[in-house]
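Sharing a structure here in structure tokens format.
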Amino acid sequence: MSMALSSPLMADVGPSATARPLVVVSQLEKTFEIRPVLRQVSFALPAGETLALLGPNGAGKTTLLRVLATLVRPTAGEVWVAGLEATRDAHEIRRMIGYVGHQPGVYEDLTVRENLRFFARLYGLREGRALADELVERVGLRAKANERVRALSRGQTQRLALARGVMHDPTLLLLDEPDTGLDEEAGALLTALLRERAAAGKTTIFTTHQLARGLSLAGRALVLVGGRVVHDGLTQATSADQVRGLYRRETGRPV
Amino acid sequence: MHTVDRDLVSSRAPSARSRAPTTRGTLLGRYGELALAGATALVMLLAIGMAFFYAPTEAVQGNVQRIEYIHVPIAWTAFLAFFIVFVASALYLWRKDERWDWLARSGAEIGTIFTTLALITGSLWGRPVWGAWWAWDARMTTTLILWFIYVGYLLLRSYTGHSAAGARAAAVLGIVGFVDVPIDYLSVTWWRTLHPALQLPLGQQAQAPASVVVTLMVALAAFTLLFGYLLLLVYRLQRLQSEALRLRARAELDG
Amino acid sequence: MSSTRLFWEQTLAILWKDVRCELRTRQIWLAMGMFALLTLVVFNFAFDLRVDNQTAVAPGALWIAFVFASTLGLGRTMAAEQEQGAMDRLLLCPVDRKAIFAAKLLGNLVFIGAVEVVAVPVFAAIYNVPVVTFAALPILALGTLGIASLGTLFAAITANTRAREVLLPILVFPLLVPVVIGAVKATQGVIDPAGGEPPWLGLIAAFDVIFLSIAAVTFRYVIEE
């Protein structure tokens, strides 16, 4: 861990950072079979920050999130979450992260309540029944609580997915394009969730294609193009046009 | 605000930190390989000579027995190849270095050929001895099962292509298959004791004259050397194939 | 919660989930059972069983029926995860991968067991063979465990491949030879006890212990990176 503390990356962290960063990614590379997806990605994220991970399609955002979620092993480089190394201590890391990917990650043939109770058991949470009820209220799915997921709309399923992602109160929440296909109500829920977490000092990383909205909800922005980091800074000092310009400059085509 | 200097990033050699092995040099070096080839040819010639001219004609079977000098070493080599598949598979799962996967694959390909030959020579030998092309002799039956496991391995590899997931799956099969073979042999032998039928007259070593034993040993050495040489060649083929795929992928990306 | 307790809690949770989902959707288990019974009937015609050779051939028919029918159904518990999103939703949780294996294995045992509960009495009836005894239970249990251990592992291996329905039997049948031989011989021993037989049940038990361990340990390499 002393490697991370003396790494030049620490200099890149914004002025608000005081403690050791929650997430440290160092020279991360990921190659699928023969196709490199992430190249020399490095950044450090202090605890309590909300990070908007931006980039055009195919930039590697989803892969980066999946590496952080311990679903994918790096080909090279190191990833540290809360001082734990991702390949060695994956089990401990999983306790403290939540991940909502492209797929909602819930079982279509179980009901909303059954899904939540199932995951509560996997996380070793007590009082699964009560917790499920509480979550159902919080995401506004009470009316559909005993319906099978198959019968829910995309927006409703996404709300359930969010509930699943936060049920164990994760220190780090990873959201992959959580705003796609959301109805207005669910969109408001997402915004509220992000603000709540920021206020409580919890860390969140999300990807989005809605640049303006993403930049307004996050404190920091990391832009990936072609698997490389092309921008890493505070959202206050980053504009949507600037980001679009980066996409165009790097990929050579308009986005 | 901080933007990563792209030129600086791309000037570092992309594969320098990757865990993919470098491809310089062969396993043995050019002279080592020539030496092995030469030794193989020499010992093989010696073995053939001894099998036909030095070893005595067997009393009961006549000259047909000479096929034993091919059948036994080939069968032995087939099982040796499987042992190599087992070790390479285990090491691949443990170390995740794809070179072990190349070795496992090579061992399996050669092993399949040798097993097929072992079955054919065994059948040819058995015909005059048993009066039939096949009898459920314990050793031959186990060799037949081994053949099926080998072919299954190759099928699995062909269905999973060059993916890492496929390599891991095949490695598991390599381990399970190898552990299964002695249990197979045991169960088939027990099964056969009730119908003590036709067996290949292999158990003659105790009463055999020294010349038979010596010829057998030389033949064993010859085929083991041949196996080693073929293994080297096929391993190199695997390595080159991987290299070619990687180069093509890089060319497609950067081009 | 202690880690052992958590392990079993997670195993049972996944098992419950699998059973619940399977019962609510495709009922392949019904089809599996029918297939097993049909195999038994067809065998009767194929081998023209008479009273004198029944003991020799009937147990073979029974175990072939089980192995074939199991192979059909084994893919199901894995297929449930492969649809939409693969195993990610399980893998990202702090779940011991051995617990996932245990759950899948138990699920397969439950379903194959259900098929056997029906098939064995039917077998005893139509072949007129006294096999519904307590002596037969350990054989059925241990033999099925052997089939299910390797079957669960290889169902995971073949789950993502193209020809998975046929690849699973191709890979698994050669490996199951000791179980088939042992189970058939042991069943024969129950129907028509003859002395001097090698310890078949012991062989199957040893097989089970060895391959259960290997499968439990190697399972995680199959399902995740």
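Read from first to last, the chains carry the letters A, B and C; within each, the first residue is number 1.
FYI, a residue touches a chain if its C-beta (ideal position, glycine included) is under 8 Å from a C-beta of that chain, and two chains touch if they have at least 3 such contacts.
The shown structure was predicted, so the numbers you read here are calculated from the model rather than taken from an experiment.
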Core chain by centroid distance, with centroids computed from Cα atoms only: C
Result of counting contacting C-beta pairs for A-B and B-C, higher pair: B-C
CA centroid of chain A to CA centroid of chain C, Å: 40
Centroid distance [mean C-alpha coordinates] between chain C and chain B, Å: 31
Computed distance of Cα centres, chain B from chain A, in Å: 47
Contacts with two or more other chains, residues of chain A listed in rising order: none
Numbers and ranges of chain C residues touching at least 2 other chains: 225
Multi-partner residues of chain B (at least 2 other chains): 164
Footprint of chain C on chain A - complex, ascending: 69-73, 91-92, 94-95, 97, 99, 101, 103-110, 114, 118-119, 121-124, 126, 148
Interface residues, chain B side, partner chain A - complex: 1-4, 6, 9-10, 12, 14, 17-20, 162-164, 245-246, 248-249, 253
Complex contacts: residues of chain B adjacent to chain C: 93, 145, 148-149, 151-152, 155-156, 159-160, 164-165, 168-169, 171-173, 175-177, 179-180, 183-184, 186-188, 190-191, 193
Complex contact set, residues of chain A against chain B: 12, 27, 29, 31, 33-36, 39-40, 75-77, 228-234, 237-238, 250
Residue ranges of chain C in contact with chain A within the complex: 1, 6, 9-10, 13-14, 16-17, 20-21, 24-25, 84-85, 88-96, 224-225
